[in-house]
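Next come two complexes, and both contain chain A; in the first it sits with chain B, in the second with chain C.
After this line comes the complex of A and B, so read on.
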């Protein structure tokens, strides 16, 4: 009996522990940060190298510059390779990159770039015009190589390199983006060995040959990307010896790591939540950078997915093909509430497609064009479109069934879920159901057109050509099986005409005017409803980074710039005097909670002992 | 104890016997102090969940009608503070109990139902059927439950039903093994042989003789599995695999984590749902233990 009792009592204790586990988990989560007060000085590695660690919440899609489209990957390519031109960190105007000078012919159809002679590949070879010509030619001839940046070369007739320092690009039609070709120039002698550009991810042999301010030395999927400073970089050696992008799936974990000093920087993509920003603002040695972002945050509708060959696919709700319905849905979205409640002021209300940070191209609807929050008008539009309420107060589609839209949301973005809850209530009032479909990977249903609405967002470059190009008919996939550059299958003739016009317009003011008309068209169509321009809310340790360049210089962001300025310019702080960053409330809370749990366990154990007194021998 | 009044019909006799055994059960249960505490807590929680519409109303989960500012600390107006939308957390925790308890109960019932069905049939039929069933059970037993549940919740659409099914179909093997063992023990008793001799078929034996005898075990097992199911529900919701539009305790924890309440030290967002999960799971465990020791004092630990 005695041994039997022993075997029984052990699991009982274990189960008790398990039952208290939820509370313990919750409480220790709250404790981790405040109860580990001493930030570790992880910067100076054993051999004295200065390492800058950046916590990012995005994983790398591909390290091949021909395939990568994600912000993290393209930012890394900025560091690895030189582009023909770069953007000035102060005001975004085009400055010298690999090219020192550029000159159009009088008819603007032939552009001659002078390639610098002081840029060397990391394997010692000279970077020449031949490399640039090869890169562009590859993209023009191999559709696999045109996946990411094909829109830049679609209009190129011929690219040649008459001498190592001279690159000549001939165009079919004038093209306004010739000083904003965001295409990484790769070394020909390395890349000509690649056979299939749609498969090669550039992540097998390290270090990867490049000529940017940093050289890629290591990569592990969903873990880290490691780069080391290029000592012979023509603009000057970066101050940090090593740059590591470490992947944190959970932004809160990244914030904890920043508090402890394990990382120097937390990327604001997605932005820190208002609660995180508020708590970090009070912390010692941590600076929060809250800058107007270069992103828009939108609600995209499925316009009926189709391929270039006219074949329709996907299963978007047919009612969304009616512009009145799309406009009605957006009329019922209270953007002010989104800014105030979800972003808590860390965003600007959405207007046109391009964020106000790019003043030249920023457009906002006039008072009578604007779809301001007006649920009554929305209901009227829906009635007019023939989607009337049935007896249960639900609007029914043409097939007689109540309308429920499937809204695709990113499970990794808390804002999507939060806005989704609002949509559910706003549209619920209209009599329309919402089914939030939050997935870790939205790509599959997205590309297959199997959604009704989706949360969408892009980072906009100083030159808006790319973000405008993803809504043209030309960006549609060739067949339903293929992947196109299109964002959400928009194909509108009028928009396409304007797109072609702006691309051919060299006069900046006239071009901006056309871009604004495109934005106006996009706004009216209601396929892309911009709800907000989220700020880039990011934070870094001032005891590890002494200074870092924001872009633009005034109220600019640090992570995800157009250029390598932030990481190239970052100056390490002299690592001395670690300080106590414990938040006292956290400690108090942690201790109180700990005592409560321990007390509860103690009381329970005592109770158990009493209760089982009869069983024990 | 048993009255042998010849005037009573067999049916009435059986009823009387059952009443007596329920009374006996309750007397013995009362002696288990921990079980009583658990039962009290459960009764309170059940009442709170049932009458939640009266105290808090479904408006409590509305984001557009949220009464407060986001993430305010506890005050007189909001005893447990507010969440990221400015909703009252006390109300949300009370409202969340409905989902957590419902999912816990349904999932446990589903799990035990599957386990009992497989256990009884495998114990009764023996032979190749039992071998196949038990190998399947073993397979489920060695699979990590949480991983399997996550996989199921990922491939199915996100809804309450999915959560219930994901938990139900992953936690049944222990019940199946226990029930099978008990079934084997019951079927060796002489009266089963007598029933067979009198012409009782498979269905008759399983439903009239075996099932009533394994019921106490099933009851105890259900109570114990509920706490597992509630924890599993919270885990799945916390991992973001629940329906994001439904308020549950695990979902609240997930919201809190995503809103950055952990690193910001906004404890009022994290502690109440966490404590609620722990308390309810503990209460069910206590009850289950008490029931188990009353019904079958010699039986070893089930899990």
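After this line comes the complex of A and C, so read on.
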């Protein structure tokens, strides 16, 4: 046995050397082959194609426009398919898409769209009104096809295509949002073969037939989405040859990838943090775009949850039913401190419901209407409403107990927690307690109406109909057991009347005027207190993207626009190649370092083996 | 205790003497049947648990999925009907069990694709990452653990144990981010050498694709190996230390064997049992993926999928994944149970 063992030891020694060599090879192969291919790739692929790489984190839910609801997926659909209309990047007004013109009938119930004759599907077929009519009809008749965008056709009575360039939509009642139908029009000749729309994900066969500025050529879940420029796009060919969305699930890793040049653009999810933005400010070849956002960040108050059938539920604090109390609470919120300390300057102080980037609908309170930060006035209002301080300095409710409000906050949002701490301080000085309920999923207590106040926020579309509709009585749940589209159970008759008026008003200026009156009403009611409009903070490499259209054009954002403007307009920067030289130096340094380290380790191990054997034998 | 059962003898003779197999011949089938039956019961329990456990998660899947967009009450109702959420709980349960027993875990709410497809899509990615790391950290842990024990208290032992403990206590996501900053982006004169994240650059085929994936694999594997090898090292080291004073080792040395061989042929096989347990537990865990490392390196594996499924909650996906994770651990533990008697025949008795 002993002899046998001894004789085997020689090949084992060889094996060790071979193993060390293999390990060294693996590592150095990893280093050398496509070492640092990314910076080159982001500017130009091996065959000279200009590639624009965008870091994303959100998974694609579906690549079928009938199913997709997530921002990334719907943004990709914007690139793949034309919609009837688009939004002007300068000021968000409706402009031509697949339709070149549109006109309502005098009775406001029939809309006639002229479909352009210079848009072709990527398989060479002509895009016609018949495709549009088929898309809408499918959504009206097949519940699977209505999954994502069914609400757009809820008021449609009939959709027809009398000619290849003429689309007619008949409505049940007037609807002012007919130039904001964000529905991708798909090629009938491809999609009519789909049997089950609720399960067809459009992600197996590439390239996918489309007529947008880009054509989808590849997709791998949570790895990448690839699109190539549509050379025959009617508005003009994109300047980049290829657009790639690459996955970075961790935002810090995405920022590192931008810093390295592996990606051309990082948006953050939903925005870069102040720390990330600060770290990128002043970095070489990187520009941070701190743009006015499309979101509002608000403090919603429970108005007493109720269903459409009038049944009350939930347990909102009764004192909040008094408008003076709601207004007092907002008077004691120092919004400047929220902007400076919480958002660290990356937000704009909140006023009306709709953010200022939508200038047609932006409204702000007049000087005497505004609830500016004024703790003394807040205390006076609370005294006036009958909520006076007791001997301990606590304000007591009508039941004689000290008031403590439960504030629902999203555990995943650091801003909620930070503002919550401030509320405890500010409202504590008023004599009101604050109990922060930070949860991963706030849906359950929210839907059950079991909260007093809640941090709330929505992204606003160029057409504000949806964010206005969620505060109407019609959005309340039918019964307490069901869920409705309501945001926080607001039901106000005057607001509802204005909502109905704006929906039937086809004159843009008059409609905007009504919308502003709705915002004024919402402000006075004090159920939705907008504290801030958070900025969209994003960054891109100037050595890869020379210019790109923001939306709005003057100080706007790049990612998640209403339209395809950013990626369609992006102009590649001329590649200098200096960074390529640096990376090839890196290759050499990397190889040498790897070989030296591994060689050293191998020699050390071999010496130790020999020494051990010698010592003990 | 019977004659062949002294630890030293068992250990020393298991490669050469067939003695213990005589006993094993009668006990092993019963032992095997018991373990397999136990595993089957556990799997059934997991199947039932996975249904009820995730219904305790707060959150309405339909409301979460439709949150933030325009939906009508009719659409919400259609969702509930499509997902079967309008049915009474007992009906949902019987439907689920009936289908699960045929390997059908239903359709993911958020991805509109069969759960089995989503899992089989991500499983190879996870196995590539965790499997590679598993092989490396197990080999490294056993290798360094035996050497540390053999040279107990020496400089190498103190260095190895200290380093392993330090790395073991470092959060993997933090180490991952550091590696990205240092080795991927590059610091000072050190250039970026590895991709920042993902599994592939895309658009590559054949050998170039393999190399590309290997290149992407380096940093996440290094991270995993660094934080995981310490456990194996420490278990191997302490098990071997227990064996160090045994008489059979003295005998082996007295025969004139090289120290290296005494360790490898005699001491290590006898000290391996606790390590084997750990190896099989780790092997079961490889399927569950590693959420933090997968996230930091944007690796499209099961860990990330599970996180996404939980946040809805996407009940069919969550149930399917939970079952697969639990099944992997159960199967591996059962395999470990079946291997023990081969390493130490006393176990089966």
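In this section, the second predicted complex is superposed on the first by the 317 of 617 C-alpha atoms of A that agree within 3 Å, B and C clash if a C-alpha of one lies under 4 Å from a C-alpha of the other, contacts with A are read in each partner's own complex, and residues count from 1 in each chain.
Assume contacts are C-beta pairs under 8 Å (C-beta built on N, C-alpha and C of every residue); 3 or more make two chains touch, one makes a residue touch a chain.
The model shown is predicted, which means the values in this text are computed figures rather than measured ones.
Colleague: So in the superposed three-chain picture, is A:164 touching just chain B, just chain C, both, or none of them (first/second/both/neither)?
Modeller: Neither partner.
Colleague: Touch check for A:220: first (chain B), second (chain C), both, or neither?
Modeller: So A:220 only meets chain C here.
Colleague: Pick one for A:252: touches chain B only (first), chain C only (second), both, or neither.
Modeller: both
Colleague: Between chain B and chain C, whom does A:426 touch in the aligned arrangement: first, second, both, or neither?
Modeller: first
Colleague: Using the superposition described at the top, determine whether chain B or chain C touches more residues of chain A.
Modeller: Counting residues of chain A touched by each partner, the higher count goes to C.
Colleague: Please work out whether A:174 is in contact with chain B alone, chain C alone, both, or neither, and reply first, second, both or neither.
Modeller: In the superposed model, A:174 contacts neither chain B nor chain C.
Colleague: Who does A:417 touch here: chain B (first), chain C (second), both, or neither?
Modeller: After superposing on A, A:417 lies in contact with chain B but is clear of chain C.
Colleague: Who does A:279 touch here: chain B (first), chain C (second), both, or neither?
Modeller: In the superposed model, A:279 contacts chain B only, not chain C.
Colleague: Taking the two structures together, which residues of chain A meet both chain B and chain C?
Modeller: 26-27, 29-30, 33-34, 250, 252, 256, 259, 583, 585-586, 589, 608
Colleague: Using the touch definition from the top, list the residues of chain B that touch chain A in their complex.
Modeller: 32-34, 37, 62-64, 66, 70-71, 84-86, 157-158, 227, 231, 234, 240, 243-245, 253, 257-267, 270-271, 273-275, 277-278, 281-282, 285, 289, 300-301, 303
Colleague: Would you mind writing out the residues of chain C in touch with chain A in their complex?
Modeller: Interface residues on chain C, with respect to chain A: 16, 57-60, 62-76, 78-79, 82, 107, 110-113, 118, 121-122, 150-151, 156, 173, 177, 180-181, 184-186, 189-203, 208, 211-212, 214-215, 217-218, 253, 255-262, 265, 294-298, 300, 304-305, 308, 311.
Colleague: Give every residue of chain A touching chain B within the complex, in rising order.
Modeller: 4, 7-8, 11-12, 15-16, 18-27, 29-30, 32-34, 250-252, 255-256, 259, 272-276, 278-279, 334, 337, 341, 344, 411, 414, 417-418, 420-422, 424-426, 436-438, 583, 585-586, 589, 593, 604, 607-608, 610-611
Colleague: Flag every residue of chain A that touches chain C in the complex, lowest number first.
Modeller: Touch residues, chain A against chain C: 1-2, 5-6, 9, 26-27, 29-31, 33-38, 41, 45, 59, 61-62, 64, 67, 69, 143, 146-147, 150-152, 154, 198-199, 201, 218, 220-224, 226, 244, 246-250, 252-254, 256-257, 259-260, 262, 439-441, 443-444, 447, 458-459, 466, 469, 477-478, 482-485, 582-583, 585-587, 589-590, 608-609, 612-613, 615-617.
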